[in-house]
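Once you scroll down, you'll see the structures, which are given as structure tokens.
In what follows, chain A forms one complex with chain B and a second complex with chain C.
Our next item is the complex of A and B:
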């Protein structure tokens, strides 16, 4: 009899653990990339309008913060503007977390300069020289006699990591560069500084700055989708294992025609 | 110049010069401090030769403090420097003299009446040692996610290199002095694609970061290490480590006489970790085989093999009580009974720990800045398979540890 009672107690305890651990009601937490943030926010609002029973909380912090939150089990969805690294996936898997990637949009890291800047095109080699401090004045690039003010994202940002890999080949950013915490801060700094150069996700580009061609290519739907724009990338949402329930519905919504329309409205590039 | 000294000199110079050659992209300051109350009761032998329970320790300590700098020179090159601050570990070696015959007390004492012995102790209120001082070079070899690390660094053996002190006690290989947590060395370490695991190979001095003076090994052999961990499916981790190490000089510097105390160690570790939802279970098997190739006795009586098993259970209650609380438990068995009977280290030990952690003041990634830990540990020795003096005269013990751990990290860009 005692054995049966013990087994029943253990079964009950395990059931409580399982139910409590995996059933979180209709609350979704979505954390990470500041680049993905406007897409996540706008699509979350549209999704919640259609599904008022679901509450989606969207937060930024950067791709690295999102990855850590997924690893620690405090986020249902990790927003990331870069693919997860092998080290991060290993750490997650060893904790029983299985990061599963969903593409939600395409993006082009856009090189932006002040509106008065006459330079219209830069090669990847020139961008690298600017960001590593080799080229210091716009006149070396056919522009005005004006010192270059280098504006970069902080190193925790996924945008920085993709830019560093694709444009700088891992080289160190000049120590004089301003390292800013968000795309908006970069746009603001470049718009207000005549000699400035910066880079942001395409969705953050405004009329207050000029977009520069890279290797004679403008970041656009066509150049990103045909793979010619050198600083193109994908934007991701990661879940623990295959997305289920509300998380699956939300991601499916973003990937649907309706969700992709919002992606486009936010200035990013659709999947198809 | 001996190989080992050259090795140290090259790495030391490298560490000094590198920061001057490269300017940092960012520097991270981090610290971690453990304030602990320890209360230990043990069975101690009384005048009649019987064991009775006595409180043997009851004190507060700054058990550990780590203060570190991490400097990123580029996306591929970074360096780390961490000092270890503590109030309880011994910091110095000194020679102690005792009178050969306690009746001879007249001064001045004749040297012939004194016996010298080497002891260790603390001369200061707190000690300081370099725990890490290394540089990571990524991208040197065209293999993705492979890093060359040089300097005072982690020893990638068993669980010692990623031990996060979820329980207050040390990693099993550290606890039973199988491997050191940090050492001077050169390693290649990396990650398998798709998160399938990690690996490391390397050469170390083989003596750790704490030893001083005569406790430093006096030989020309490096320790060699290989480590592999696989995560074939999420939540299941399998690992294995192998290390060969030596203690002492094989032959005398002058005269080439063989040193009978020269020790060859073969160290092995197997790991299984299962993590599912709130439950995390670790199992670690350790084997230490010690040979004395220059021992002259035919029976090679000093040679021995020690084995151990450690099982750790961590249950997170965060999702049930909406507070970041963990329940922890640990069972260890460590068997060095293969040592010769007179050896003071001969023992067979069973240890159990139960405890709880309360994590609070989390950052935006849900990493807690503070952790309050309470652990209760009992140790019992097999009477027949242990030295009669047990562990420094202490037989079965029970210990309560209450610890507040706090950490911080700030990045200067």
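Our next item is the complex of A and C:
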């Protein structure tokens, strides 16, 4: 009796392994930026509704993770919230991978503060001074007498790299800055901390935090598209070589009017 | 037939235990292979004692001292909170509680050990940190104190359960002798039973230390992540584990940053290895006696 049970278990386990191996047919893996994640997930769901034979799995981890996954051949599509670095492209090419970029949406890095913060506008120079630790109190910026809690993202984040380049022009973030692992962690830290300042992709902004203007400009559809908002950026998907098959049709679906509608619903800014 | 069965069983268990050892050696080998090349470019003394951790800038700096200090300080805090709680409940369960309460209390404490660390982390980030910020009127709740509280609670079941075993294993004759010599119950516990169970209790504390210093998810979510030497217990820190977890995704395989994270892993491994070794020796000493 025990033997029969054992044999049953073994066949079951074996059949599960084989089934999962054969079901792989139209599997598509997207890995990378947590900023691109909501767009990729929502469009993937809509795409799979239309093409039930394709199975898209979307994962986060950060733009750097996505690039590494593309280099190692473990992902078909790499989501990235920044252009790939020259070093990464060389590293990929040396492994026989030829990264090809596709624009999928526009985004603006939004500077967020606590709801009770009176400061409504910051210049890029002021933001740089805050993040490098020169300005330490909100009263220097016309706010309450409250120490500034600087919230930043850790270095695997494409948002951090774009912010570091465009707002800090490559300067080092002060060592007292908190480095958090995701857009959501930044939102929840800022929402819970009266003195906090943070930055997130536009799609992650909620009512729990206030968005401040940068150089007197709000991040919006118009200011991003006419190129005036200083912290605008593009969101990318990278494939190995020109996208083929399901990857190609998935990416062109995101770029289509239908896909861009979802981009807008997710709080990001459409391509054009 | 029977001997055939026996032999197969022996072979199977032999292979599985061998497999575990091979796996462990493989992990150690790959850690050192990926991490040691860092020291060709970065001096060991600079890695251990410099305190600027800027691995991704044009002129990268790999001073891990802030990260080591971060790990040590939250672990120390966890022990300060975890040891009294753990030992207290161990003494209560083993020496004071009566039959039924004893049977109820021990599994409940051990249940704490089954909570996934990410749940502790979520609790700390969303609930405890804002509360601590309000209570102490702080700038931020993501700090050494909140992290120590969560880690301390996490190691309570380890310390409590193992210390309780050690206390229960103290022979009845020792208790009876102490009481017969006219000691009170408290004197009996602290002068006779606890000293007799000393090695087991120290072992449990070292295991708790290993658990706290290796914990990743909680520190990633609650410690705040500033790579600085904390000036107070309400400052944010960036322990080694959360640095590895947060940054490994960014690195290009084989570059300096990648190697530096493996070097951190070697350091963590050595710390936990040495504490486990000490624990093992303490236990061995007990079983030899």
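In this text, the second predicted complex is superposed on the first by the 248 of 272 C-alpha atoms of A that agree within 3 Å, B and C clash if a C-alpha of one lies under 4 Å from a C-alpha of the other, contacts with A are read in each partner's own complex, and residues count from 1 in each chain.
The definition used in the following text is that a contact is a pair of C-beta atoms (placed from the backbone, for glycine too) under 8 Å apart; a residue touches a chain by one contact, two chains touch by 3 or more.
Every value quoted in this text rests on a predicted model; they were computed, and no experiment measured them.
> For the overlay on chain A, clash or fit between chain B and chain C?
In the superposition, chain B runs into chain C.
> If we overlay the two complexes on their shared chain A, which of chain B and chain C does A:57 touch? Say first, second, both or neither.
Neither partner.
> Counting only touches as set out at the top, which of chain B and chain C does A:170 meet: first, second, both, neither?
Once the two structures are laid over each other on A, A:170 reaches both partners.
> Pick one for A:179: touches chain B only (first), chain C only (second), both, or neither.
both
> Between chain B and chain C, pick out the one touching the greater number of residues of chain A.
Answer, by number of touched residues of chain A: B.
> A:256 contacts which: chain B (first), chain C (second), both, neither?
In the superposition, A:256 touches no partner, neither chain B nor chain C.
> In the overlay, answer first, second, both or neither for which of chain B and chain C A:241 touches.
Only chain B is touched by A:241; chain C is not.
> Mind working out whether A:99 is in touch with chain B, chain C, both or neither, as first, second, both or neither?
first
> Of the partners chain B and chain C, which touch A:65 in the superposed model: first, second, both, neither?
The answer is both, since A:65 touches chain B and chain C.
> Determine, under the contact definition given at the top, whether A:74 touches first (chain B), second (chain C), both, or neither.
A:74 contacts chain B only, not chain C.
> Looking at the overlay, what does A:87 touch: chain B (first), chain C (second), both, or neither?
both
> With both structures aligned on chain A, tell me which stretch of chain B collides with chain C: 37-45, 55-63, 109-117 or 127-135.
127-135
> Following superposition on chain A, which residues of chain A contact chain B and also contact chain C?
Common interface on chain A, chain B vs chain C: 61, 64-65, 68, 72, 87-88, 154-156, 170, 172, 175, 179.
> Given the complex with chain C, which residues does chain A contribute to the contact?
On the chain A side, the touching residues are 61-62, 64-65, 68, 71-72, 87-88, 91, 147, 149, 154-157, 170, 172, 175-181, 185, 188-189, 192-193, 195-196.
> Mind listing the chain A positions that touch chain B in their complex?
Touch residues, chain A against chain B: 16-18, 20-22, 59, 61, 64-65, 68-69, 72-74, 85-90, 92-99, 154-156, 161, 164-165, 168, 170-173, 175, 179, 241.
> What does chain C use to touch chain A in their complex?
Per the touch definition, chain C meets chain A at residues 52-58, 66, 125-126, 129-130, 133, 139-142, 220-221, 224-228, 235-236, 238, 245-253.
> In the complex formed with chain A, which residues of chain B make contact?
Checking each residue of chain B against chain A gives 22-23, 25-26, 72-76, 138-139, 144-145, 191-198, 229, 231, 233-235, 237, 273, 275-280, 318-320, 364-367, 411, 413.
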